Structures are given as C-alpha cells and as structure tokens.
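Below, chain A partners chain B and then partners chain C, in two separate complexes.
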Partner chain A sequence: MSEPDSRIIVYTCNWSAYSGLETAGSQGLSYPANVHPIRVMCLGRLHPGLILKALELGAAGVLLLGCPPGECHYLFGNTRAEELFQQTLALARLLGISEKRLKLDSLASGQGQHFVTLVRQFAEQAIGESRAAGQEVP
Partner chain B sequence: MKKGALIVGGTLAAVEAALDLAQSGITVTLVEQSPFLGNVGLDWPQDGDRGEHEGTARLLEAVKHPRITLMTNTQVIAVHGRKGSFHVEVERTPRFVDLAKCTACGDCVDVCPIAIPDNGRTRKAIRGAVHGAVPDIFAIEKRGVAPCKATCPGGIHVQGYVALIAEGRFQEALDLIREDIPLAGVLGRVCYHPCEDACRRGTEVDQPVSICALKRFVSDYEVEHHGRPVVESARIDPELGRVAVVGAGPAGLTVAYFLARRGIACQVFEALPVAGGMLAVGIPDYRLPPQVLQREIAAIEELGVTLHLNHPVDAEDWSRLQREYDAIFVGVGAHQPRRLSIPGDDLEGVLPGVDFLRDVNLAGIKGAKPPAVGENVVVIGGGNTAIDSAMVAQRQGAQQVTILYRRSRSEMLANPWEIEEAEEEGVRFHFLASPLRVISDHDHGRIVALECIRNALGEPDQSGRRRPVPIEGSEFTIPCDTLLPAIGQTVSCAFEGLDLDRWGSFRVDPVTLQTNLPNVFAGGDAVIGPASVIESIGDGRRAVESIIRYLRGGDLTQGRTAERTDISSIDYYTPTEPLVRARVQMPHIPPEERRGYEEVALGLTQQQAIAEAERCLSCGVCSECLACVYVCDPAAIDHDQKAERWVMDASAIIWTDAAGPTPPVTRGNIYELHGDDPLVASAVAAQAMADLAAFRQKRPLPRWVPFDSDPRIGVFVCRCGDRIGEVLDIDALVEAGSARPGVFHSQDLPFACQPDGATTIKKAMADHNLNQVVLAACSCCSLDQVCESCTYQRVRCKSNLLSVPFDLMNLPAEFVNIREQCAWAHRDDPALGTAKAKRLIAAAVAKVGLLHPALRAPRKVADLDGRVLVAGGGEAAAICANALRAQNFAVTRSPQLPSAVNGSLGRFSVAQNGAIIETSVVVLAPTDEGESAQIAPRSGLFVCSPIGDAELTGAAVAAKVGAALGSGRVVARHNVAYVDPSRCRACGTCEKVCEHLAIQVGEVDGHPIALVEPLLCQGCGVCAARCPSGAIAAGYSTDKQIEAMLEAILGE
Partner chain C sequence: METIEQAIKENRAYYCLDCGKCTSVCPISWREPLFSPRTMVEATKLDTNGAVLHDGRLWMCLTCDRCTQICPSDVHFIDFVRDMRILARGASEEGHCSHGATIQTWMRMMADPSLKQNRLDWLTDDLITAEESDTVYFVGCLPHYEALFGKIGAQGVEIAQSAVRILNHLGIEPIVLADERCCGHDLYWEGESDTFRQLAALNTEMLRATGAKRLVTTCAECARTLKMDYDLGMEVMHMSQLLAQNESQLPNSISGKVTYHDPCRLGRHLGVYEQPRQVIAALGLEMAEMAHNRGRAVCCGTSAWTHCGPTAKSIQVERLREACAAGAETLVTTCVKCQIHFRCALDDPHLHDELNIEIKDLTTLVAEAMEVVSANG
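Our next item is the complex of A and B:
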C-alpha cells in the first residue's frame, strides 16, 4: 500500500490521541511502519511553521490527532488547534501544497483500531498526493 | 504506620478517599484482600470506555503517590484500640509473584495448564489484572498443597504433572517428576501410591485418578521416543565436596542423583553384583522389568555418579571412607530375613522368601541356576514379599502354592491389587493360621508337611491390627515340600561408631537423618525397616538437603520439620460439575497366560493417559507444575512465598464495601464508605482528614540537580525480556544510539521497569558522567504525571528512576516507546520496525540535546497558609465551613458571593462588600444554578454545587480544599512556558489565548513584558504557538526541539 520510505509524521497530543496510538500497539494492531509519531502536550501548541516544516523536510504527509471535541485536557486547546490548522491549510494553498497531505482529526482514549484506520487512510492519500505532485519523497 | 489513615477494601471510592487524604499530607495505607484493585466488586466501565482509562489513571495516581501504600492480598484480621490509636492485625496471603519484577508479559499464562471454568469462560491458575486494574502484576491462585502431593513421601508435584499430561505435555511432566525423584519408570510400576488413596476424586466423586499409571506412561513415552531417559545434568565441581554412598538401593541412588545434579561428586558402593537394591533383587521381573530399572540407573550414572558393584563396605573400607570423603550416606537396606523360630525352620527346603526372590532375580542377571521349588509350596506372611514369593514360586514350577497368614485378609500388609493378582493366578490363601512346626521326612531330612494352628482375632495390638489368638486344639497339617517364610527383614549391617536402635536399624535425627557421627547420614530401609520405594526416595531427598547444608557449613535443621504438611484446613477447589469419566483400567496379560517373567501390566495408551489426567479435580487450583517458573524471564515467580501477619497502627480507619462487615469494635469510630460515588468518598475522607489534621506533613521540595555543562547523553534500550528483543534488533539500536551527537554512553537493559534497571541507569550515569538520559522502552513520558496512557509498569519504571538519587524528572530525560510503537505495531516487519525505532531514538536524543537553558531551572514552589474564604448563600456553605474548621483551617465566612475574585491558589484577593479579602482558597456556595453558571473555574477556587445533598457536597468540598491546602505547599509543573525577555514585544497575544490565566503582560524594570505564572501554567504550549515573535518556549518541547526531531526522523 505504501512505500516504506515515504514517511508520515503524526503529531499527537499527550492525552486522548496519544492513548489511542498506544492502544493500537498494545493490542498488537499493525499499521504502516512509515508512520512516525511526535508527541506534544496539546495540538494547540503547533503553529503552521511546525506543521509545514515536516513537509519541507520531506514528509509525505502530516496528520494531527488531538482530543475529541469537548474532551480537551486543557479545555480549549483543540479549538486553538483547529484555528491554527486552518491557517496552515491556507498557507499550504499559497505554497501549492495539496491539502490532502495535511489532516487534523481527533482520537479518543483507547481507540486503537480507529487510529489504525485513520493512519492507513491518511498515509495512502498523502503518499499518493505527494507522488502526484512529482515531489521527491525521501 | 504512625498517625495515618487505614482504608480497608480497594473500591474506586477507597482510592478517591486515599488520594484526597494523601494529597492533604496524610499518610494512607490501603489494604485490599484480593490481588487486584479494581478487579472485583466495582462497577467498572465496559472495555473501551473513556471512563475506564480515567479510572485506571486514578488508580495509578494512587500507586504513584508517595504517601499512599497499597497492599493487595492483604486483609484485616482484627481491630483493637480506639479512634486515634487503632492497632490493626493484618494478614498478607502470598501472591507468589514478585511485585517488583513481574512485567505482566503473559508468558506464564500461556504455559499454565490449569484452566478453571469461570462464568462461561476459563481462567488460568496464574492470571493478570482485568484491563485497568492494579497492580498489573500477575497472581497465582493457590488453595494449598493438593492432597496427592501432601501425602507423597517423596513430595512429588503430583497435581502438576497430572495437569501437564492432560495437556499432552509429556516430557514436561516427566521433567517435573524428576525435579523431585529419580526412577520415575520404577515408581510408575511399583509404588504403593498413597496419593491415590488421598485423591479427592476418589474420596468425594468416584474413583481416584490413576496417578501411578500416569507416571509410568510418561516414563515409557520418553523411552519410546528417545530410546532412553534423558536427564538434565550439571557439571561436577570437585570443590563442592566428595560424598560416598553405601548401598545402591533407592535411597542411595536418590542421594547420588540429587547431589550429582547439584554438581557434587558421588561414589556409590554396592555389595551386590547389581545396583538397585531391593528393586533389583526383591521385586520380580514381571512387576518391574530389569531393563526399566537399569536404564534409569544408567541415567543417574550419566550425571557423573560412579557405581562400585560387588563392593561390600567392610571395616577397613569404612574407616577409609571416613577419611577420604566429606560426607557419607548409609542406605544399606534391610535384607536380613526374620527367622520363623519354630522347630524345623532350619531344614532343607526352608528358604526365606526374600532370599528366594533375590536368588531368582540374580539368576536372571548372572545366568546362574535359580533355586528349585517343590510341588507344594507354602509361603508364610502377609506382606508384598509373601505375595511375590508365592507368584514367583508358581512361575518356578510349583503345582500348588499356599499363602498362610495368621490374621485375616483385611489385616494383610500387601497391596490389595497384588493380592488380587495372586488370586487370579491361582495362589491359595489360608487365613487365620500360624505354623507350629515343620514336619520332615526322617529318611532324607527333607520337609514334607507343616503343622499349623487356627487363630481367632483378639484385641488390636500396637500396629492397630487385631492380634491373632491361637484356638486350642485346632491344630492341622498341610502338605509342604518348600517353605518360604516372608515375615519381615531387619538391617544386617553395622559400621563402627554408628549407633543402632533396639531393632538393629541405624539411629538418626528424624528431621535431618544425621547419625551420631556428624558427617554420616542414613536413610531408607536401613533406618525405617522394610518400607516402600517412595519412602526410601523421600529419605534420600531429605538426606541430600542435610548433606548440602553440612558441606556448606549451614544449619541442618533451620526451616525443616519431620511433620507432614497439615492440609486439614485447606479449602480445596471442586469443579461444580466434575467431568464424569470412570477411572482408566490398565490392561494386563490374562492370568492364564502369565507363566513367564514378562511384565504383566501393559501400560496406558496416549489417549488413555490424557483422558485419565483430565479427571483430576485441580484441588489446589495451581498445580505447582512450575511451568511458569521456567518460562518467566524476569524470574518473578516464587511458589514458596508464605503468608505474613503483623500489627499496624492507624489513627483513623475507613471501611469500604469490599472489606466485608465492619469488625466488632466501638462502632462509630470507624468510618464506613459505601458504594463508589466519588462525592461520598470525599465526604468520608473529610471526616478522617479532620481527625488527622494535626499530623499532616508538608509536601517535600522537589529535588533539583544543577545542570550547567554541555549535554552528555546516555541511551538505554530496554529488551523487555524478549518482548521487544524478539522483534527489534536491540544491538543495532544501541549502536545507532551511540553514534548520535552528544551521546556518551549507550547500552541495553533486560527490564527497565525493574529496580535493577534503575540501578543500572544510575550507575552508568555516574560511570560515564552523564547528565541526560534517553530511555527507549515501553514508557512514554518522563513527566511527573499520570495520564490515560499510563500503565502500572510505566509508573513503576518512573518511580524506580525517581528513587535513584538523581531526580531524573528534573534532568532532561526523554522516554521513547519502542515497544508499542515499534516492536508490537511492526511485528510483521522487524527491519522496518528497527529502522523506525532508530529514528525515534535519534529524535529523542536530538530533543534532549537542545533543552532550553531556562527550562533547566528549579520548579517554582510556593508555601500555602490555611486561609479559606467560604462565600455564598448555598446550603452547603455552613457545612463546608464547619468541616474546614475541623481541619484547623482559618475560615472566613461570607453570606454573599463576592463581587470579584482575583488571583489563584495561595494568593486570592476577593472583593467583598467593598472590602478586599486575602485568602489562599476560595469556596463558593451559589444558591441556585443561575448563580452557579456565573462562576469561571480556576485553580484554588472550589464550588459547592447547589444541586444534590448539601451535607455531602459541603463535606466533599472540604476534603478537596484539604487536598489542595493540607500539604502546605504548591509546586509548579516542570513543563511550564518560558518567555524570552529579549524577544517579547508585550503584544498581549499570549495573555488573550491562555485560558488558564497563567500569562499576563506586566512590567519588569519598567519594560512591559509577558509574565508567566508557573504555578498556574498547565504546560499546554498554546501561547508558544501564537507568539508572533517566537519569544515563548513551550515547556515540553520548544520549536527548535520539534524541528530537530523532524530532522532526525526525516533526515536520512
């Protein structure tokens, strides 16, 4: 499905989303090994520069996973993240980068299977897009 | 425990109360009688619910809290004393698994052969916590030693090997048997198997499990598949001592076997031309084929034991053995037949049964002529030797064989099944008759008949059997040309200096088997008189223990007793519906075909053996098969753990539903906590808090290690036994780690979460002068927190590291989870998993190497005083205020809600009726939901909800205030944001975006600047993302750190 060397960055918040990521592994669920997680305390901490930096360095796509609506550990962090992500998408359009290589979603605690579904779908889409753009994927 | 609270029963409410109390500075002990908190008795959320993870996080917080001691497997036996000074007697039952070592990998569960039906599913004898319960450490369910093992003189793990046979694990079963005894094939044929008499299947359901036949089966199975017994050996180390064994019977062979397996050299001296003692010369071949015995003896020789046959030990040898050996075991047996002591007992044609059997057996071995028998053979006696003498005489050509026994059948000492076999083969029995005189043919001096007398049974004698009393005038004669008396044997040997008892047996200490000479031990028939193989083997085992202690200079008696294990009070397991299946009948050669010496009993088939083993009731639940011990990498299992009792002191006791009825003490002094409502839990905690307010301890200052040198990073890669190591190439990860810039040391760890793991890290930090650590294991964050991703092992790992004299949490440490995120998620592609792990480790190294200097500063700490303002007209206000006064807080009461609240925990200033009130904590009690909706949450502000029971609410809020204020100190997180003054333009964006009121534009030295209040900062980093000038560093990871991580992951 995906080239092993087309790397995907998955930013997760420390709370619900990270727990979902962990659960996938603890349940022995398999997902593409090109998915590389980076944890931040809250997705509201990621400004567009940090998201686009991953693409600049050659990531095929960047997936941001935070707490479900209303369940943010910091109460308003996922709202802040949504605002910043919209700015990121706007910048991506300016830069001519396909929006399909970026995605913001949420993941509840313990949702290992959902994590796998999300990253599989996203990895396939993002890698397809980065290829279509004729970009060199490291 | 001094001046603390005791909470009995591990409900969720108990955990809530424990956390409130501990956070308020009170020492708490929480005891739970089951092995797990959160496993039973709790209305636990369904798997996959968010609530489950939150519940687990609360439990783990209790695990982590330094002032809470959790004790599982522990129950209260009695409570003495009164409020303020209870003395509580508690008992901890063994878990059989070491809490510090088990990593909950589950390997043990896979190999455990015991599956107990449990609500439509099955549970193994060793089991883990249900998801979310703590401690996530396995526990063994053991009712006690099963009757079969308790009864076995050799202490064989009977239930264990039967359980393994039921699973078709025949070699494992045999290996287990060999941990306790040599000669499994012999015992499987000739043991008198008291285990079967004790078997509860026999006493309580139908017939006992055919245990002896199962032992024979696994022994035969091995020979069938490997050709010979294969026994694990040890290297003989001459330094450990030299031991001589006199007599190669079952006792002596057992001593040699175990000593050799422990690496101790052994020389065995045997008078006969064959080894095996009575097994070789006392038991006929049709019962025990000589090749079975000899191949098991050969296996003992292969261990490094030297046998010297035809080597009776005479006086000269004896003194030489004493000079040349460190210890001697005497197991010479009891071969001297008792004399009949009647007129004519010395005539030709009279031959003691035991001599007769020996001569027949030796004839088979040496090819000599066996002793001749006449047509009418009479055997005297009621034991196994009598039965075997009769059956052998029949095989040697006798026309009529009669066994004459002075009592009745039920007093016979021979095994009932042997008596039956003799009857099947046509041996006649003459009960209640004693011989008076041997009648001879005067011409030739040969015997022709035996004069006997009939007996009646009188009173029981010392043996408990009824004494035979001759009936006067009842004399009669029976034809007899060969007389084989088999009325017992005595010991025929003596060695200089060794004391004998009045029966001529060697005198030994009943526990240690030590004789009057300290270096000489004795056992088997030579000590107990003619007994059984298994008793001799049991003696051999005990002697080995003594000899090893003797050789090491240890105490021979410590921890040992001659008493049998008392099993009378064990509550054994019985299946509700035991499998209905009759005991297997081992096929035998039909009686009419038994003329030679081929084995009569034919053994079980594989199917029969499994079906028979499945009949076991699993009395003890855990069968002690030790399979878990062998498979456990971290060596966490200890089947020898014992129950402990002690008395602890407590000033207040909270008694929950999980603890059963409250104990009979002055009621009212123990607080009862029913159900699982956290509000109720806090309300009850408030009462105990008031009792213990005087004993609160201040929260300790966080440790901080100055950090002023360049990064010197250590990389530690956990193998998790094999759980990570079997997928990822650990050596490659260690090597790749060491190649990263800033790394000065890189190594693997077997288990990072064990105390040894922390010690190793500490030592490496000292040895290599490291100041930063990257730990690649299953742990995820190095923050001082518990969250929904935490597990028991992760919390334990962090606690161990904190106990290291470095406060690792204050050092730039970064944890990478290579287990869940690499080894387990990418099990199908180890190469890719390893490559990914390398990148994640590189990213962590890059991150710690770039730690912002300001974030290495000590955490902010503030002292709290006890001022509380309780404001508002809600019904709960007065209740809360009283409960807070009971906790010695300085409470100010105001009937109205304040017009303005500024500040936060520890430094509020509240506008009230035009005045300003300074306070540490604010409690607001709105009268209705309208008022309630106006209140914005903030740290240090508590709200008594107007909905619900005011008594409960008021008390519960008082407990939460106690938890916030009681420890007298508040400490900032160590991932708070930092503002770089040189870049801040005081634009106020951060202030607007922070929902936690932690950042405000103020002034420093007359310059406007954004100021972070560390005590309020939650560490989310939202401010850093919005700062237009990049002046704010988010505490957990700065922009530079995230960029470096991206480069490490995407760079290659």
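Our next item is the complex of A and C:
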C-alpha cells in the first residue's frame, strides 16, 4: 500500500445513489473534503479489484452506495453488487484488512441528507480503523 | 533488462531461422492469424524506433513454452516475451488484466512488508503443523482463489487442507507461514519485475529463516517460480513429486477413468510429466490420455490472468472436448489456475450437455482416496 491516507472512496450507482449525492449538492449540504465519489452506471459493474485497488493506493475506506433493494435500474445489479462485495470482504480478511474499512449500503433518489450522514459515519469508522491498524492518517 | 537489443541477445533471438515451427505449435496462432512468435521475433530485430513495444500482441503470448520446446535454434521465446514486456511497461504499456486486475492488486498489496495477513483460517484443528520442521508447505494464493472463484466451484482451501492432511499421513508435520506472500509468478511473466522482486525478497527471507530443507507446494506455478526464479537454498518440489516418491504409502482405493492435464509450468517448464501419472495409477484409477499429452499438452488458455477472451475460451473448450473424447470421467490437474479456467469454460450453459466431465486437483483426489481407506477402517 502507498502512503497512509484519509481518503474515502465512494462508488455510487448512476441511478439512485448518485442522485442522492446531487441532491446533497443542490441543497448546499456539505460532506468531508476527503470523500471522493466515483460514479459508475451500476454497482454490479464493479469488481473486487476496483475496491482493493483503492486500498492499495492508500484509501482509508471504500463505501459502495447503490439502489435500495428491489429498485435496481438493471434489475440484477443489486445481487451482483452483494456478491462482489462478499468476495471483496473475504479477500480483505485474508489480506488482514479490517472489514470496517469497507461497506455496502443503499440510497434512494433525492436522499441528500442521508447521503451526507452515511458518508460522515463511514469516513469516521474507516479512518479510525486505519489508525488502529497502525497507519498514520493525516 | 535495459534495451531491446539486450532482450534479443540474451534470448538468442538472432539465431531464429525463420522456420515457423513455433507458430505452427502455438495455440494462440492457431486461432489468431495475426499472432506469430516467429514474426514477433523478426519484427523486433527489424525495429528501429521501439514500435514493437507498443504492439498489443506482445501480451497475447501464454508463455506456455510449446514454441521454445520445438525451436531448432534454441531461441528462448517465452523469456524473450517476458523481457520485452518489462521494456514495454517502461514505455507505459501493459496487458489487459481480466477480473478487474483483482489478482494483480492483491499481489501488489502483499509486496508491502508491513502487511499483517490473516491467511490461515483454513487450518482446522485436525491438521498438524509445526513451528520447526524439515518441510515447509507453501500454500500460495489458494484461499484467495477460492474467495474469488468459489462461485464457479473452484477448490482452493480444499487443496491446502488436503495437502496438510497428506503430509501428516506421510508422517510430516510441515511449517505453514502465517505471512507468506504470493510467489509473484504472474507479475514476473507480465514484466512487473520490481514488484516481483519485492515479493521474492519477502518470501525468501521468511523461508530461509525457517531452516527447512525442503519446500512442498501444490501449485505448478509456485513450484516453477520458487525453483527457477528464486534462490532459496532448499529443495523445491511439487506435491505430485513428493507423492510419487512415497508411492508405496498411497492407497489403492478408488476406481474410475481419468485423464491428466499437464500444466505448462509443471510440464514443459519443470519437466515433471510422469510423477502425477504414477500417483494416479497408484490410486487405482485408469488413465485415459488425451491426444495432446506431456510435452505436447495444450495450455489451459490464459496465463497470468491476462488477455482472457474468445481465444482463451476456445482453447479451454477444445481441451475439454479432448478430455471427453478420451473417455475420461474426470480431468485431473495439478494447477489451481488450470482448474479455475476449465471450470469457467464448463460454466457455459450451451456446453453443459456436451462437456460432461469433472475437474479435480491431484492433491484433493489423493486425500479423497485416503479418506476412503479410513472410512473402511
């Protein structure tokens, strides 16, 4: 892993979670500057590699925000996201990385405040866990 | 590796006679007319501006070694490809990694010396290991592969557990390292030599510190890498070699008709052809050889998790058809990656009816045979 970091990567799906993020923006809500959202069309197109890559590059944590259960735009993306997240957790465990640095959650369209709450809570938890693992977090 | 000329000289590319035998035996060339080991060598010798380093075909080679084995001029084509990849990386090129580069990513993460892994959860109480022993069991990425490919039925943990069970049965209590790293095979062949060297340095230090005299592994690629690309100062052997040495202790307890797929690394790279067959025969199984066997065996279609696609699938399906045509009920292999690639090909619903064959690792097969004996008292 590269330099210790406090960056938090948030993968959002295009349809629900990203809309929640946009709502947060249009409502003028602020979230920590170390949170870096990356929009993908669907969480189901992610791969354990893309999540581990963020950790390899030094991110403190990776949060996956997708559509609420049953509301996936592509019908099966939620299931795929859950599968790949479980694969990632298993690999992270083998690599000695705390499960608390990874999270899969959902966000409905327009939930701006909820987006801010989720990323704040996760950032605090993941950075705390990185520190506990002996990484200096700036 | 500094220059193209060095890659040409060190791997005897100037000796190429342009005969084309390499291309005629290359499983990629059979399917991709624009790929040819011969023309790659010739184009490199004629290259004046480094354009060959930006040619995507450089990443298609499986490094399966069929070409080198048949070359009348002893051109070391697969080493040439590896060296050219090192140079191509320096020119900001890389191969297309399958599976979102998950595997390469965990390898790079393991190169961090401060990483404290949690990789021994598979060691159940009935498996006996020791702090000090003459033998180290090198697990490799088996648990990781099961985590990633468990959904297609890949057996990683079971191979590791079977290995320790077998070693215990042979009266060996092996050392298993809690912080072992990936051997770096894939990075080595993909030209990522810096990370490979970091992994090799970490593993070498840990393995030498054990004081063991012998290293046993169940992975054909780990066996090749640790034996040929590391300097460990201890004997390195694949489980099939150890089992063949202890043939008299193997139970003749199972029946059926199987075929054996020679992994490139154990076969052509290390020259281990007969020991796995000896073990299969000792268990009581009937061997049905495929048309391409031993040095002529065809690769499982993908190397170092790079460039997977229709060509790889076509190679895998043809190999499985060959196994079915031989009349085998089970295809036995000694490399977890071959197992994964064949299972992936079998996962195709359009092929379910045609390819009715089981895939098994030799190590799990032997452990099963031992269990049959203990179940029968």
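Quick note on the criterion: the second predicted complex is superposed on the first by the 130 of 138 C-alpha atoms of A that agree within 3 Å, B and C clash if a C-alpha of one lies under 4 Å from a C-alpha of the other, contacts with A are read in each partner's own complex, and residues count from 1 in each chain.
Operating definition for what follows: a contact is a pair of C-beta atoms (placed from the backbone, for glycine too) under 8 Å apart; a residue touches a chain by one contact, two chains touch by 3 or more.
From a predicted model like this one, the values you see are computed outputs, not experimental measurements.
After overlaying the two complexes on the shared chain, residue contacts for A:A90 are found with chain C alone; chain B is out of touch. Contacts of A:L50 after superposition: both chain B and chain C are touched.
Contacts of A:C42 after superposition on the shared chain: chain B is touched, whereas chain C is not.
After overlaying the two complexes on the shared chain, residue contacts for A:I9 are found with chain B alone; chain C is out of touch.
In the superposition on chain A, A:A108 contacts chain B only, with no contact to chain C.
Comparing chain B with chain C, the partner in contact with more residues of chain A is B.
In the superposed model, A:A33 lies in contact with chain B only, and not with chain C. According to the touch criterion, the shared surface of chain A, contacted by chain B in one complex and chain C in the other, consists of residues 46-47, 49-50, 53. The touching residues of chain A, when paired with chain C in their complex, are 1, 46-50, 52-53, 55-56, 83, 87, 90-91, 93-96, 134. In the complex of the two chains, the chain C residues touching chain A come out as 97, 99-106, 108-110, 112, 114-119, 121, 143-144, 147-148, 151.
Those residues of chain A that touch chain B in the shared complex are 4, 7, 9, 14-16, 18-19, 21-22, 24-26, 28-31, 33-34, 36-42, 44-47, 49-50, 53-54, 57-59, 71, 73-77, 80, 84, 108-111, 138. In the complex of the two chains, the chain B residues touching chain A come out as 48-50, 52-54, 780-781, 787-789, 817, 819-822, 824-829, 832-833, 835-836, 839-840, 843, 975, 993, 995-996, 1018-1022, 1024-1026, 1034, 1036-1037, 1039, 1042-1043, 1045-1047, 1049-1052.
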